[in-house]
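Next come the structures, one after another.
Both of the next two complexes hold chain A, though its partner changes from chain B to chain C.
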Partner chain A sequence: MLTLFEQIDKGTLWRSTGGIHPPERKTLSNRTPIKSLPLADEYVVPLPQVGESAILIVKQGDYVAKGAILTKGTHFGHLPAHAPTSGHVSCIEIRPGNHASGLPVLSCVISADGLDTYDANIHPALSTNEVDQLTDKQLLTKIQQAGIAGLGGAAFPTHIKLSPASDIELVIINGIECEPYITADDMIMREKSDEILNGIAIIHRLLAPKRLIIAIEDNKPEAIEEMQHALNRSSLPKDGVRITSIPTLYPSGGEKQLIQILTGQEVPSGAIPAQLGIVVQNVATAYAINEAIQRNYPLIERVVTVTGDNTQLAGNYWIPIGTPISHVLTQTQFIGGEHDKVIIGGPMMGYALHNDNAPTLKGSNCILLPASDELAPEQKELPCVRCGECAHVCPAQLLPQQLFWHAKAQEYDKATSFNLADCIECGCCTYVCPSEIPLVEYYRIAKSAIKAEAEEKKQAELAKQRFDLRTQRLEDEKRAREEKQKASAARRKSNMSSSDKDAVALAMARIKAKKAAANAEADSASTLSTRSVADTGAENKRKDISAAVARAKAKKAAQKAAATQDDTASNITSSMPETSAPADERQAKIAAAVARAKAKKAGLKPDAADSSTANGSENTGSVNAPVDDKKARIAATVAKAKAKKAAAQLSADEADTSTVSAPVDDKKARIAATIAKAKAKKAAAQLSADEANTSSVSAPVDDKKTRIAATIAKAKAKKAAAQLSADEADTSTVSAPVDDKKARIAAAVAKAKAKKAALKISTNTEHDKD
Partner chain B sequence: MAFKIASSPHLSRRFQTSTLMQRVLLCALPGVAVQCYFFGWGTIIQLLLAISVALFCEASVLTLRKRPVLATLKDNSALLTALFIGIAVPPLAPWWLTFLGAMFAIIIVKHLYGGLGHNIFNPAMAAYVMLLISFPVQMTSWVAPSVIAGQPLDILASLQMIFIGGSQLEISAYKMGFDGIAMATPLDTLKTDLAMGLTSTESLTKSIFSDGYGVGWFWVNMAYLAGGLAMIKMKLIRWHISTGLLGALYICASIGFILNPDTHAGPLFHLFSGATMLAAFFIATDPVTAATSVRGRLLFGALIGVLVYVIRTYGGYPDAYAFAILLANLCAPFIDHYMKPRTYGHRSRS
Partner chain C sequence: MSGIFIAIILLTVLALFFGLLLGFAAEKFKVEGDPLVDQLEALLPQTQCGQCGYPGCRPYAEAIANGDKINKCPPGGAATMEKLADMAGVDPEPLTATEEVQIKKVAYIREDECIGCTKCIQACPVDAILGTGKLMHTVITDYCTGCDLCVEPCPVDCIDMLPVTQNIKTWDWKLNAIPVKTIDEDVKC
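On to the complex of A and B.
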């Protein structure tokens, strides 16, 4: 059993899976030496890193020499950009990018002065000895400062690849160039083999591998020969370094495929070759490394294959990085038009460019200008017949057909389970598909959708974490606040004297009492008022009047409770004051009888009113005509009548009794009273409930006429109470003014109000007040 | 200047489904020619009949499904299905048999499942099984090879047999002293003989087995084998299914023959009789209904081979390809599911 190195030394090759043999068409461009193009008027150097990890160190108008550094970055992966020629920075702006998306990118535009003056840092080539004296670190810094990126297409920073974390046992120099049409590496190997070998020697020194293979496809015999000669001339150890020719097959030049062919090993999915102890570098990169080390010459130009039937000067050119594609097209006599494709890269993996304003990049190894019938004509996608050719040619051993079904159905989880992520987008499956299905396109869409999904998930997870942290933080803050408050409260308590405490407590109690009173339920309020009134009235002779009044009102209340109309209510009220006003015995009896009759009537209607009417009639029996002044009766009747009327229309109350009662004096008081009443009623009709200020009602009451005023007040109070919300029946104020005789009146007023309130609230109140 | 945009790859093999089908058809032609030579004009007539019906049905269904008619007809898939039906039905079977078969294959088996690329079963084989089960008598009376029958039917007589009916003709044929123009196939004969207690060696002495494999059938199989090998060479098909099928059949037949030579035919007899080569290279390899991965295809072919041997030896039908292929079609998705190749960079299938 031979070891891997012994097999490598023997030149053993392993089989790679899949692969295709597309027409090569390399002879279009590899028959002439590499040429240069005349200088363009302006060069566009894209600066994608500026603003992220780098800063621009030139400004508009600055003079830059060829090879001058334009950007400075701190990131270890940063590659500086260089001026491809001497001239002035004409502007720094967003320009169309050289990318499949065509998205614009920040670019530094240099208008060439035509002199192509080199930067002072570029010096004549060092001797081998001088190079040997440089430390590894110096070498890597030079490589980084020269802005060297992988020239095979991926443009990965080379200095990172050359300073791996693990030991490297095998270095592969990739001279495969398996894509059809492209001959840039072929030509540079033919013409610059010694320089390439010098670069390889630097790579060899930096990585110190056990073996180094320069792999070249067997369709480039001239390149193999040149490289073999150069290897023989070079200082590289002959036993550990070899050139291996491998059979032509697309995509052998892919890093993973090349490793498989040369070592039989597979790069684990999601890993890099360095994990296997392998590093792969492109031949053109080796050339650029040599330039950077020996001459301090940055990567500002590369060999680009310009080929296809749409150019009349197909061949390879040294083209400065940042040359507008339009300049290249003009100089190579592009004969195509807008209906043609301009492909950056090869026909298998290259991308079609949106327009020719874009510049060339470090990774642009080919500008393919096919005539419209040169490549595959556009075909309509046909149904997949499951022929399985795609699976046969897939170098990643995927099942492209299954991936296609799932990608098309947007079943991305299933596509993922078929290892979509391992697709290298080489295009073999699409190439062989007899149904002309653009498989790679489907995979690209699926991949980006999966990527977007993953990104979304990540963002959601982050958002959730942020939310959790915020909740936690808010809770902590709240707890801290509460603790602080508690602490300060305790401090206050201990600081306070006992008298202060009492004062505070008293104030608190008062506030509470007020609040409680305001919120007290209607029934309790009204009950209280009726009870207190009844007590005071009991001492007095005239309590019977108020009783009668109360009864009458109770009747009315009963009726209202039964949802009867205002008319009936007013009828009853009319009878009620009649009963109370003519205070002599007989009349009182009659009034009582009337009241009873009415009460009965009322009682007939509502069930709820039964008890109240019954009580009412009992009380009427005890009415004792306490009213001395006869005229008072008249006034009373007048007032009553008015009150009724008012009640009939009244919706609410404002019964501002203070104005009513104020002018009451002597006899004429009655007249005034009636007038006032009328007015009060009217006012009440429009006003809102709250003003039924009963305390003011009772205040002005004096002598005999008080009765009149009282009746007036009662009538009004009733009305007010009818709409009044329970809270206003402020029993304390009602009971306050009660003294001697007038207490009855006040009592009656209170009762009336209580009734009204009761009407609104519940039938219970009626039971209570009686 | 703005340019045309397209997604990579920009290069294509320019080898389309229609070309593929067309070449498969061409590769089948030698077999068809040999079949005609041995079994008369009937095969050609059935072939033309099947093709016209199939194309008509395809066009009608495409119109109903609002699909491009001409472009789809050009993919040649209906033509290929019709070819297999035409050469599978007995050459002198009544016309309505072929008619029904072609119609069933195109409308029911192909288009009701979604058209090209979506059918689960091989349309030609499903139609054959339908006919075999529905009309066993007509489907099992094969024509005697012209070498035995002596005087083959001319084209007019064949047309008459197919479109009018054969009773008159058969009677006259009997009067002329023929053994009959319709007779069992060699496989059928062998099966009947074995059932009657004869040994396979005894049975194989009959005139129908005069060249060791059944008159005519050996050459028919050889012609299809040649066509099949050409297809593999041209990469129209991959070798896996055919190899799996023939290999499994050979192994099964060898085991049976070694265990009991008296009641079992030899492996070569199995390989070169009946529809073995036609099925192995032209029918089982229908990509739409077969497994797709390399190992899956080997298994798929082997499954057909085993089933064929089992049904030929122990089943009630003399030949078994239609049944075996349909059963394997059923298993194809299952096989594909468990035969995923290990992707590059993945240690194991998980």
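On to the complex of A and C.
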């Protein structure tokens, strides 16, 4: 069993499937040597990459020499465009493109100055030694800068093919040129064989393959001979490089088909030959590589076959890339009419040009100018008869009729499942079809539809991604906003509730102050209380009555206060305390006034004097019975003060409750009232104790003294109030940044404390009563 | 007699075994959510334009899964409608929108008329408009889905919806592939 390389060395060929033998008609153009055409007035260099991966480095009016670079790109695969001749950039505009669609592309139009001056970068040919001294990287850069693309037709950037990721074992130089009419490669092999071999030597050096095959179809014996001589002359290793003649068959020039014929290996679907360790290069590309390396001469011209019955000067021409096809037509004496086709490429794979002013491109190897009777006329498409001829000739081993059905029905996914992507659009199936179905047209439509669909899918994916990102972002923003709102609301609330707190603190401070005062008074009164205990000969009845009166008074005041508080609470929910405070004050004032009036009345009545003293005795239970009118008055003033205080306290208490449950219910009001009552009682007890003090010390006190005492008491109360407010101010600054919950808790605590205090007081009083 | 018992025991054991197997599989390979919605959503063009009456493609997919009509997506065109019909298992219906609406368009801002109000930026569902307050805005046409949503909010009406121009890359062979033919009138035999 021979290895693959041994078989290659023996010249073994494998059979490729399918293929046809169309009339070649190559002799039309390969009888004459390659000629040049006179310069055109203007050249149109299409710049499809500009705006995407490249920028134009010339502007309108600039002078460009022949071979000057026009574009600059950063992309690895970027190929610069070059000026095909010297002249000025006359305009940069959208011009009709050389494409099956006929769509216009952005082009740089150069008006030739007729001198054809070379760019300074182009130099005389280097010697072989100088070329050998260049590094691989320099070689590749030169190839890229020369803008060399595959000249077989696909125009793939050559420098990418020459720097593969994997090891290359076999290089195939493609000189097949299997399509009818075209003889450009044939002629360049005949005339420039040494240069081609030099180019092949550079490729050989860059890729260092184990074998290199120059494959030429056996319908070009002259080319084979020339190449063989050139190979013998060249420095390439004789054992690893050979020229193989391939039997003529269309489309053995296809990359995958050629690999199959030469190695028997099939390039997998979707793979590239480099994955098998194989690289295929066109002979014209090898020539261009040689020019680029030796002379720094960019790819600005190529051999183009101009052929067909509609030209009188059929042959091959060195045509600068960018030459308007109309210029070529005039120079080659085009004799066709307006409706005669101008085909770019061969009869099998070419396309009809829409506009004669389109320029030639790097991949345009042939301009076919057929007479109206030369090619098979377009016939009416008949139904498929399922003859299966197309399947026999398909070089890619596809099922053309199945593909046709699915493409026609626009069932593109099914067409894809029949490997539509592997169709090379060679046109064999169309050629053999007895029903004249333009099969390749259908496949092209299907392919572009599939491509568009894939593009749409990608676009949809992108849109979805962006939509999701946006939605996410909006949600994040919303959440952040809400949090901020919440935070600021909490701050506001805490600011607000700090005033609540203040109220609470105020209440607490008041209670404390009161307690302190009570203690102090109790201390001062301790002596008197002991004494007063001694005077326990008071009448219980009177005591009770006066106590009841005082209680009733306090109750009334409290109820009133609670009622107003209730109203305001129901009206204003949150900002209660501040608004309700003044109301309470008013209430307190009213209560005080009522109390005063009552006290006056009591003072007027001599009996009332008794009761008022009993009022004091009620608490201490130790007031002297024979009290005079003045005392009664004092008691009245005391009562006034009490009422005031009670009212103030009430408001404070209510402030507490308002923060917890703004609309205070009856029960609460009642509780508050009771508390107020108890407080009032206590206050009364204290005051009366005070009085008792004075009274007990000097029983026969005159009016003046009592009055003084009352005023003192009043002043004390006032002072206490002032202190409280100061305290409150302190607490307010401290408690400002407290949040809602805390405030509420504090309020609840304060309430509880207040309640407790009230309870204590009331129990105390009760106790005292007892 | 013992044969019957063996058979019963054997079958019971088998039944138990397979029961356990099925129970395990049901837990292990449980399908979360409704896969149909995801599949339907994958078919929609994701323009998020709201022309279906739902606030995005996913809500519409959910609505189709719940029995809504499949012909409410003008950006998707007839092809999408057919796929949706296929997926949802209903009959294809003609689209509700006119042909004109179905031409793919992208938004362009007449930049010298733009006052920089950012309203279109807020409206764009795919963040394809670039700009900031009081400065000119522009559309990143590659990202534009042609949903039309930015046109309405513009206070100076400076947004145009222009059809996507074809270039060599986006060209579709269909355009000039089929020549017009005159069909001979039927000749009665």
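Details
Basically, the second predicted complex is superposed on the first by the 484 of 770 C-alpha atoms of A that agree within 3 Å, B and C clash if a C-alpha of one lies under 4 Å from a C-alpha of the other, contacts with A are read in each partner's own complex, and residues count from 1 in each chain.
By our rule, contacts are C-beta pairs under 8 Å (C-beta built on N, C-alpha and C of every residue); 3 or more make two chains touch, one makes a residue touch a chain.
Remember, it's a predicted structure, so these values are computed and weren't measured experimentally.
In the superposed pair of complexes, A:Glu482 makes contact with neither chain B nor chain C. Applying the stated contact rule after C-alpha superposition, one finds that A:Leu375 touches chain B and leaves chain C untouched. Touch criterion met: A:Phe418 reaches chain B, while chain C stays clear of it. Of the two partner chains placed by the overlay, neither chain B nor chain C lies in contact with A:Asp132. Contacts of A:Arg444 after superposition: both chain B and chain C are touched. Set against each other, chain B and chain C differ in how many residues of chain A they touch, and the higher count belongs to B.
Judged by the touch definition given at the top, the superposed model places A:Val342 against chain B, while chain C stays out of reach. Note: residues 380, 441, 444 of chain A belong to the chain B contact set and to the chain C contact set alike, using the contact criterion stated above.
Residue ranges on chain A touching chain C, taken from their complex, read 48, 97, 99-103, 105, 380, 441, 444-445, 447-449, 452-453, 455-456, 459-464, 466-467, 469-470.
Of all residues in chain A, only 17, 20, 22-23, 180, 256, 260, 266-271, 326, 337-343, 345, 347-356, 368, 370, 375-380, 382-388, 391-392, 395-399, 401-402, 418-419, 422, 425, 427, 430-436, 438, 440-441, 444 touch chain B in the complex they form. If you check the complex, the residues on chain B that touch chain A are 1-17, 19-20, 71, 75, 77, 115-118, 238, 287-288, 290, 292-294, 297, 336, 340-347. Chain C meets chain A in the complex at residues 44-48, 56-57, 79, 125-128, 143, 145, 166-168, 170-177, 181.
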